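What follows is a set of structures for review.
Below, chain A partners chain B and then partners chain C, in two separate complexes.
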Partner chain A sequence: MRVYLTAFGCAVRRYSTYRAATFAGVVTNSVFGLINAMVLLALFEARPQINGYDATDAVTQVFVAQAVIGPIAIFGPPLDLSERIRTGEVAVDLLRPVHPVLWWLATDLGRAAFSTVFRSVPTFAVGMAAFELALPADPLRWVAVAAAFALAVLVGFALRYLYALAGFWLMDTRGVHAVVFLLAPFCAGHLLPLTLFPEALAGVLRVLPWASLVQVPAEILLGKDSLPGGSTLGGLCFQAAWAAALLALGAVLTARATRRVVVQGG
Partner chain B sequence: MAERTSPGPAAGGRAAWEPAVLDRRPRSVTAYPRLAWAWTRALAQYPVSLAMLTFAQACTTAVELLAVVIVFGHAGRLGGFTLDEAMLFYGLTGTAFSTAHLLIGTVDRLGEHIRRGSLDTVLIRPVSPLVQIATEEFSPRRLGRTVPSAAALGYALSVLDIAWTPERVLMVPLLIGCGALICGSLWVTAASVQFLLTDARELVSSVTNGGWALTEYPLAIYGRDVVRAVTYLVPLAFVSWQPALYILDRPDPLGMPDWLRYASPAVAAAAVAVAALVWRTGLRHYRSTGS
Partner chain C sequence: MTARTPASGGAPIIDADGIGRTFTRSEGPLFRRRRRTVTAVRDVSFQVTAGEIVGYLGPNGAGKSTTMKMLTGILSPSAGRLRVTGLEPSRQRTRLAARMGVVFGQRTTLWWDLPLRDSLALTRHMYRVPARDHARRLAELTELLELGPFLATPVRQLSLGQRMRGDLTAALLHDPALLVLDEPTIGLDVVSKSTIREFLLRLNAERGTTILLTTHDLGDVERLCRRVIVIDHGSLAFDGDLAALRDGAPSPRTLVVDLAAPSEPIEVPGARTVRVRGTRQWLELDGNPAAVIADVSHHYAIADLTLNEPDIEDVVARLYRREGAARELSAG
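Moving on, here comes the complex of A and B:
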């Protein structure tokens, strides 16, 4: 356990050195938040209610989506693992007396933790300053929001771990990453809340794992009954189930990949 | 601008290498296509990756278009414009920005070059540094965004009820060209910030990609203040907003002067001049990291 805590701590320190980049990230996320919010405000001015969402709900979801970009890395970057598979450095990782999934999880959680404090919080604060957001008064709901956020980070990691793992079979995962980092924001309700999508499409996207990244946490914050199971608890269970399933799949595939790995070169 | 702690070779004017590198315009004109072709051939060695990356770029456009369709599908009209008219805005912006992205987008890697010290290598070669960085990993995959955007533009121009006059027919390509020039200048100007802030690549993105996202919709929906800012401060209004108003022959819904729609060429020229000035100033004050 201690080794994972150390890996976590090292990751926090590693990311804390990129200060200008972190600041630039907050600015970019805020700018896109403002743009998306203005588009949706114009839309809701034309139609005040769409599928149970009003303007405040939509703007809140926009800033939830922008705030979680850093921790869940919905647009990337990929885990370092994918590059290490391509270069063969993964052979060294496999020699370590740690489980690869937990090792990479520990380092990614370190990155996410730093990102939460220095990217998510300031970005969301910009949203709160610029617009009226729908924030719950009930402290219990804030606990649920925190849990949903943590589960989103877990699902975000598990997905990126699986994308990177594809490298064991494909060698070069740049194409895979280009496609998934593009489709994920769309499927997650990041680009637009899934609430606005045509019903059939939204129905499909709502059961896919990507919904756990933005749509479900946002709806838990907003207290919507369009959540899986119609309640906050249902939403959390949905996220937890995907996190467990994807992490388990990651562990199984890691075992299979390591049996077939051939590192070429010296 | 950059502070100097000690007088360098550039303090009193141009450094020794500069006339040779920056003043050879004809060389840049021939060097650009050559370097671009070399990079294209290099990337074509991985045809599957190239195909997938091109596909991903096309998907980006498709996904964004879908978002526009969904938003307009709910609203009917937004800012006084219909979905078909929105396609015109989307197409103009997409064509201009993706052309600039294709031709000069990699300039936002400047910070990476400075950090790794590879800008020094670039500077000793007898080709304009801007051309070298802009052609780096030049990839036809970026056409994956230009083609669908141009298709959206073509669709809008064909279905909309436009009063075609010879003047309008000539103005459309001119306006698109000016839009692409403005976008390219924006890219270079924003990227030059990295001469001061090496890690600021994402800041560049907030101006370039942010501008792209902003102008995909008719600017009227953002209100008067935003439109003023992107008319007089950062000339994004001349990428899609003013050209579309001209093509549709609409009065400006925000009451801005009508002559603005004819100002695109002048604005483009000014934007290029500013970009050139900023880039050259940055380059003159560049100090190697020494690594």
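Moving on, here comes the complex of A and C:
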């Protein structure tokens, strides 16, 4: 256990060395938040209620989505694992007496923790300063929001771990990443709240794992009954189930991969 | 350094019995792909006893790295039986990791963006080394490998030689009985190579650490290895003393002569001109170099002379050619 805590600490320190990138991330996420919010405000000007969302709900979801970009890495970056499989560096990782899933989880949580403090908080603060957001008064709801956020990070990791793991079979996952980093924001309710999509499409996207990344945490914050099971608890269970399933799949595939692995390069 | 207690019973620390590895590869363009089976290692058997330093040699593509990956448990052999420190590497990789240190010269286990010290601290928890032992060994290795000046430097700012010393330290902090090195001196300058070689000798002599290394560097082999194993086309070609390898496949020294003006091929006793390019000629020496040099400089106007020692690659290459010829003979 200590080794994973230490790896977590190393990852936090590692990301703290990328100061300019962190600052640039906050600026980009905030500016796109302002643009998206204004587009949605124009839309809601024409139709004040869409499937239970009003303008404030929509703008709030925009800033939830912008704030979690860093920790859940919905636009990337891929895990370093991906590049290490491509170059064969993964050989060194496999020599460590640690479980690969836990090792990569620990380092990604370190990255996410740093990102939460230095990207999520400032970005959300910009949203709060610029717009009126729908924020809950009930402290219990904030606890649920924190849990939903943590589960989103976990699902975000599990998905990216699987994308990277595909490299053991595909040799190069740059294509996989190009596609998923384009589709994930759409499926997650990041590009637009899933509420705004036609019912049939939204119905499908709501059961896919990507919904755990933005749509579910946003609806838990907003207290919507469109959540899985119609409640906050249902939303959290939905996220937890996806996290468990994807991490388990990751563990099984890791065992497979390392048994039939082709480590590239001499 | 305090000496390791000798391994009990003298059981081999590496025991490879007829190990082999094949790969299935898809080739060709996107459509009309064919699957082809490639044999990287075929029926290789050898044993390494505790306390030995063994060089594992062969040209690129001979199967060295595949063998290393099997020994460390990253790849499972597709044939044969393999035991390292009594464990089956691919099945017991985590337990084996505690008894073995590994350095791949072209790869690093260190965290690129963090000070060297942080990566070394991480290994303590990874291998569950008691804090006092870790501190003592780190102090020893810091002194021997002169890590002091750059312990606080981010790894990405280290020179290759410093990084290699850092990687060696990371591999040794848990005091493994076996150290496996894949091209540990690749790309290093003369001084760095020498530092690492002297350190490895000392590690072997004082702690009794068994060392298996692959290298293309003659200096590594001559300075470190009493015994060499040569692998070619995936099969074992030689296993024995370095001296016996030399005697078995003698390789002449070469004299490179730069003449003042172009000339016919040089003819002196005890040497044979094998190549001429402009004013430069290459002579293979059979006899005493001093006599040949004296003869050449007496009969020809010379601008410069260089005497090239045969390197282990030459010796090994000759061995392969002989093996190849023998195979063809026996096949014919």
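We take it that the second predicted complex is superposed on the first by the 264 of 266 C-alpha atoms of A that agree within 3 Å, B and C clash if a C-alpha of one lies under 4 Å from a C-alpha of the other, contacts with A are read in each partner's own complex, and residues count from 1 in each chain.
Keep this in mind: a residue touches a chain if its C-beta (ideal position, glycine included) is under 8 Å from a C-beta of that chain, and two chains touch if they have at least 3 such contacts.
Here the structure is a predicted model, which means the values were calculated and not measured.
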Determine, for the superposed arrangement built on chain A, whether chain B and chain C clash or fit.
-> fit
Which of chain B and chain C A:I50 touches, first, second, both or neither | first
Considering only the touch criterion stated at the top, classify A:A178 as touching first (chain B), second (chain C), both, or neither.
-> first
Which holds for A:G88: it touches chain B only (first), chain C only (second), both, or neither?
-> second
Touch check for A:F197: first (chain B), second (chain C), both, or neither?
-> first
For A:R13, is the partner it touches chain B (first), chain C (second), both, or none of the two (neither)?
-> second
After the two structures are overlaid on chain A, angle v-u-w for chain B, chain A, chain C in degrees (C-alpha centres, nearest 10) = 90
What is the contact status of A:P139 with respect to chain B (first) and chain C (second): first, second, both, or neither?
-> neither
Look at the residues of chain A and decide whether chain B or chain C touches more of them.
-> B
Closest Cα approach between chain B and chain C after superposing, in Å?
-> 8
Could you pull out which residues of chain A sit against chain B in one structure and against chain C in the other?
-> 18
Spell out the residues on chain B that touch chain A in their complex, using ranges where they run on.
-> 46, 48-49, 52-53, 55-56, 59-60, 63-64, 66-67, 70-71, 74-79, 197-203, 205-206, 210, 213-214, 217, 221-223, 226
Chain C - residues contacting chain A, complex | 23, 60-61, 64-65, 69, 72-76, 90, 93-95, 97-98, 102, 104, 106-109, 111, 113-114, 118-119, 121-122, 125-127, 154
Mind listing the chain A positions that touch chain C in their complex?
-> 2-3, 5-7, 10, 13-14, 17-18, 88-89, 91-92, 94-98, 258-259, 261-263, 265-266
Spell out the part of chain A that touches chain B in their complex, as residue ranges.
-> 18-21, 24-25, 27-28, 31-32, 35-36, 38-40, 42-43, 46-47, 50, 172, 174-176, 178-179, 182-183, 186, 191-192, 196-198
